[in-house]
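Both complexes shown next keep subunit A, but they swap its partner, so subunit B is in the first and subunit C is in the second.
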Partner chain A sequence: MERTQIIDSFAAAARDPLSYAKQWKARTGRPVIGSFPMNFPGELAHAAGALPMILQESDDPITVGHGLLFPFYCGYTRSMVDQAVRGDFDVLDAIMFGDHCVQLLGAADAIRMQLTNTRVIFFQLISSMCDPWTQGRSEESFAKLRAELEDFAGAKVQDEAMHASIRLFNKNRGLIRRLYDMRKKGIAPLGSVEMQHVVKSSMVMDKAEHTELLEKLVRIYDSAAPLPARNVRLHLSGHFCQAPKPELLEMIEQCGVTVVGDDLYHGFRYISTDVPEQGDPIAGLARWYMDRNTGVPCPTRVQNNVDWDAYLLNAMRDEKAEGMIVLMAKFCEPHMYYYPEVKEAFEKADMPHLLIETEHDGMALESLKTRVETFVEIVKHRQAA
Partner chain B sequence: MKQHVMGVDFGSTTAKTVILDLNGNIVSHAVAHMGAVSGNGVKQSMKDALDAAGLTQADIGRTVSTGYGRRMLDEADKNYTEITCHARGAVAMVPGARLVIDIGGQDSKVISVDSNGLVSQFAMNDRCAAGTGKFLEVLARAMEIPLEDMGATALAAQEKLKISSMCATFAETEVISLLAEGHPKTDVLGAVHKAIASRTLGLVGRVGKKGPVVMTGGVANNPAAVHYIQEELQMPLILPDVPQIAGALGAALIGLDDYRAENRQLLISEAEDMAREEQMAADKACVPGCRGVPEFAVDPREKQPVPGKLKSLVGSLQKHF
Partner chain C sequence: MNIAVKSPFEEKKANKLQSTRIAGKLVNDYWEMVWRAKEEGKLVCWYEGSAINPFLEAADICWVHGEAYSAMLAARHQEGTAQRVAEERGYMRELCSYARTHLGCAVSNQRLRGDNAGATPDEDDLTWKLPPPDMIISAYAYCSTGQQWDEMTSRVFGKKIPIFNVSLPWIWGSKPDAGYLRGQEWEETSTYVERQLFDMVKFIEERTGKPYPWDRLYSMMADIRRASELRLEAMELCTAQPAPASFFDWVVSIAPINNLPVAGVKDYFETVLTEVKQRVKDGEGAVPDEKYRLFFDGIMNWNKVGWLANKFAKWDAAVVAGRYTHMAFWQEPSLIDPNAPVRGMAQNYLICPNNHAAPILIDLIMGLCRKFKVDGMVIHASRTCRAFTNPQFMIADTAHKQLGIPTSMFEGDVTDESFYKDELLNSRVEAMLEAIEHRRMVHAA
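Our next item is the complex of A and B:
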């Protein structure tokens, strides 16, 4: 199978996740469980025999959804509600909500009111990550989620099934991490839109099918030699729940940029951490939840011994990145609150960065291009100096 | 080697061209008002600048473009953003400047620069044409006053009115309401310029207020805009003689750096050439003072044979040949 064919398969699922879900359901006759980002353990739903799918922001303009959420909610939550009201989520047999921020909670309530016939599973995860009771409370949450899924599926979710799902998900994450490593070394020249297709489709597709395609893709690059690159090496940061728009990523790369790393949710954040494969699977998922925040720190969690800004600077040193573009979705409160710390740390470290605020309803790309090009010129001048 | 370089600012409402000699002196410049990103306007400004310098495009060693249409200019060898070019041009016009306020046709930007004229931080309008030349143009039309008379009229404002909307369309509604309420045009225009100044101060806040401050771009020719911005900033604005050409000048200077670097070996003077040859000869010498002549066996300072090993080496070589 050619590289292009594999990427096209990923892109098709990434662009239209709900159509993929319909086809998968027709093919397998099994249920589809949609979930909000960012910490839902897909392994549990997979072990229960369902297709776990992280619900994605749609490109369509917000229409009827305006009647339920205010325009100062982020594009992701408004799009979720809009898709629910339009009936796009009819394919889902259940929806799983988490509680990362007030806007997601508001969207969950609005969707619950609309989709009265859809099973709604709500679970809370402790956001304080370094207390002595964090592990225990996380285990309680995941155990409760397991019980709800068993009730939904009408069957017990066995430990063996969970271990098998954990192994499959770990393999999938590990393969994507290999691609990241290959991209960093210049062996796998994957553009950031292609990388987004890889990760986003992993959030959507049947994990075994996705893993099989990933193995083929990794094999293509396995024996490749590093390609020389003359572009400015940048790290992309931010954008939690929703994927940055592909046209924005393309525009950034058109300005003479090679993206060598990211901590986007539709990127490295999603696949940073594996679940322990031994021992009690619920305890393993709780460990994974806690380790993820040290793997790639998240501003929605609180952990005194972890700094997102310090993580970013270290990651960039490792990636040999010369600057960072921060993509901040309007109005992502956790990101907005944390950004001043990142800005201060980057200024102190004399590391250039550019903040771009993104919107669901389109952006002035030409004006943004001028800003990105200027940023690239600044980085180049610094290199020359 | 050619003796001139050119910078072209392909702006949204005007086109500007600057021609420099290889010492960085402005040989000619031209500004053409031909409408939005007009190819004709750019051609006209380039032609005017070339004619004024008595040159043709073939005499230009390097052309760098900037502005919204920077990627559309076939003659350009390279292009840079207007932010980079305005910073470079403004610092060339006003050495020591640390902040550049550029208000052009469709965007406004505040640029913090280092001592080399390089951009360290920048902020630009990111909503719409709020606080730009286009904003003034729309309101001039609404108030039926020629654009070029707006500034002088606004300076006669007596009462302090407020226009709260920065959207040109909504501001137009506010302006019409104020006029309908019987406020004189002078006061309403004062409020329009005050609104632009507040917007500019917001951009300054994002990069940090510092001086000296230079104002470039077409709106720098508007005395009321300058007056109200100075009032908001509480700092004087330095205005270059021709503020509109800062971007084109910056582009030309970047082109000049590039052209000089590429032709470094052709740019040295006769005296530098002689000095370099002497240095090379000295570097080649195997004994002190030798200038590369075949008397290498003799120290030319003493005209004495070189003692020791070198002498015997020379002797054995002579025997061989």
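Our next item is the complex of A and C:
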């Protein structure tokens, strides 16, 4: 199978996850469980025999959803509600929520009120990450979620099944991390849109099918030699629940940029951390939940002993990135809270960065392009100086 | 942006409760006490959200409630500097304006007194005046903003201040036994929060270096329980027609029940209750000519308390109850056992006006609308307080369907005046009142 065919398969699922889910359901006769980003483990739903699918922002304009959420909410939450009201989520047999963001909670309420025939499962994950009880409380949350899924599926979710799911998900994450490493070294010249297809499709596709394709893709690059790079090396940061628009990523790369690393949720953040494969699987998932916030700190959590800004600077040193573009989804409160910390740390470290606020509906790409081009020139100028 | 201009209907004004003037004095005294705290050698704790202040007051720690400070600045129209300082540091305008204002105070405080001190403070500028914290306690129901705001405050102060997080889960209420103050989820969540509060007390003991004075807390909670009962009794009397007090009087009375020193609170609400009883006896209303009775959904627009009170009075509209005032602030005194108050305190923290999912929340609101016999509902869509705006379309829809009453939405904000749209409020509320009038004519015919 050619590289292009593999990427095209990923892109198809990433562009239209709900159609993929319908086909999967028709093929397997098994249930589909949608989950909200960014912290609920798909492994649990997978072990219950379902297709876990992280629900994605739609490209469609918000229409009827305006009747349930105000326009001053992030595009992701508005799009979720809009898709629910339009009936797009009919393919879902259940939806899992469990996060803390106040806008997501609003969406959870609105969706439950709309989808009266869909099981909406909620159990709130602790978002304070370094308390003595964080591990224990996380275990309680995942144990309750397991019990809800068992009730939903009408069968026990056995430890063996969970271990098998954990192994499969770890393998998938590990392969994508290899691609990230290859990209960083110039061996795998994957554009940021292609990398998004790889990660986003992993969020929605059957994990075994996705892993099989990933293995083929990784094999293609295994023996490749590093390509010479002439572009400015940049890190992309931010954008939590929703994927950045491909046209925005393409525009950035057209400005003479090679993206060498990211901490996007539809990127490295999603695959950064593995679940322990030994021991109690629920304790393992709780460990994973905590580890990933020390691995790639997230501003949606609070953890006084880790710093996202310090992580970013370290990651960029490792990636040999010369600057960073911050992609902030408009109205994303956690990002707005943390951004001044990043800004100050980058100014102090004399590391250039550019903030771009993104919107669900159209963005003025031409004017953004001017800003990115100017930023690239600044970075080049600094390198030359 | 619409600029609020002088009202052309000056002749009718809200007939405010005289006793609420005492609240103004109590509030001023409290902030004076806060500003003196360091001179008096007191430990200072910053917190937002839940009323954990009795825990602190009992331990002789000066408590500084973030929203209360932002609200006070806005009510005095002195919020601008803090908001500008916050914006300069990179906090964006769409962030919770309570937090933005308070973080502006923290940044300003750090610049003037902290590691990089050097600037000269302006004595008249309240932005910098808060004493810096010796500890931070985060205990915020429902809204993720609270926890992140506290974390950012800690970071503004260089992470040198010990911080303690109490996690207050949202009550989702999906099980068959779920409901207001009942069901397995309610009990389990209460236990979880109660456990954390006991750990919080250990944190306080570590800061003070003294055993926690439980007896003082018990005594204070007995007073708070009584004050809450008095407040609720006075509110209940506003089912009378005309209503003797309005939502705006209860807004002014939030600080006494929520964050002022406990010693004066019982007396305050006794005075309020006495005045309300007298008004009922005299048939005296909160607006000069009560023609319409409205429910107010949403948080307060702190720059506009008096302005809005007078505006509704001129429309002969008594705003008789609201989600913000009537569903929070030691709302369930019977849960507080003065001899073992911690569980009841935990439960009251879980009853913030947003911390139950929409089905339970909306039922409670509809119950209030029925009890107070409202003709319509005015909904304040506060731009930066998504905690309050989350269920508002569903509330409006249910009010139409269940009660058959009209609703009217307007945009504003908690402490950022620039989001307030006066003309929208005028035209929409006037249209709603016309609709109420029309319905009355149809029913009379």
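We take it that the second predicted complex is superposed on the first by the 385 of 385 C-alpha atoms of A that agree within 3 Å, B and C clash if a C-alpha of one lies under 4 Å from a C-alpha of the other, contacts with A are read in each partner's own complex, and residues count from 1 in each chain.
Just so it is clear, contacts are C-beta pairs under 8 Å (C-beta built on N, C-alpha and C of every residue); 3 or more make two chains touch, one makes a residue touch a chain.
Predicted model only: the values in this text are computed from it and were never measured.
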item	value
Room on subunit A for both subunit B and subunit C (clash or fit)	fit
First (subunit B), second (subunit C), both or neither touched by A:338	second
Partner chain in contact with A:370 - subunit B first, subunit C second, else both or neither	first
Partner chain in contact with A:201 - subunit B first, subunit C second, else both or neither	neither
Subunit B versus subunit C as contact partner of A:293, first or second or both or neither	neither
Touching partner for A:9 - first (subunit B), second (subunit C), both, neither	neither
Per-residue contact with subunit A, leading partner among subunit C and subunit B	C
Angle, in degrees and to the nearest 10, that opens at subunit A between the C-alpha centres of subunit B and subunit C	90
First, second, both or neither for A:381, with subunit B first and subunit C second	first
Shortest CA-CA distance between subunit B and subunit C [superposed frame, angstrom]	6
Footprint of subunit C on subunit A - complex, ascending	67-70, 72-73, 100-103, 105-106, 108-110, 112-113, 120-124, 126-128, 131-133, 137, 299-300, 302, 304, 330-331, 333-334, 336-341, 343-344
Touch list for subunit C against partner subunit A, complex	89-92, 94-96, 99, 138, 142-145, 147-152, 154-155, 159, 163, 165, 167, 169-170, 172, 174, 192, 195-196, 199, 357-359, 381, 383, 386-387, 389-394
Complex contact set, residues of subunit A against subunit B	357, 364, 366-368, 370-371, 373-374, 377-378, 381, 385
Subunit B - residues contacting subunit A, complex	68, 80-84, 107, 116, 118-120, 122, 124, 126
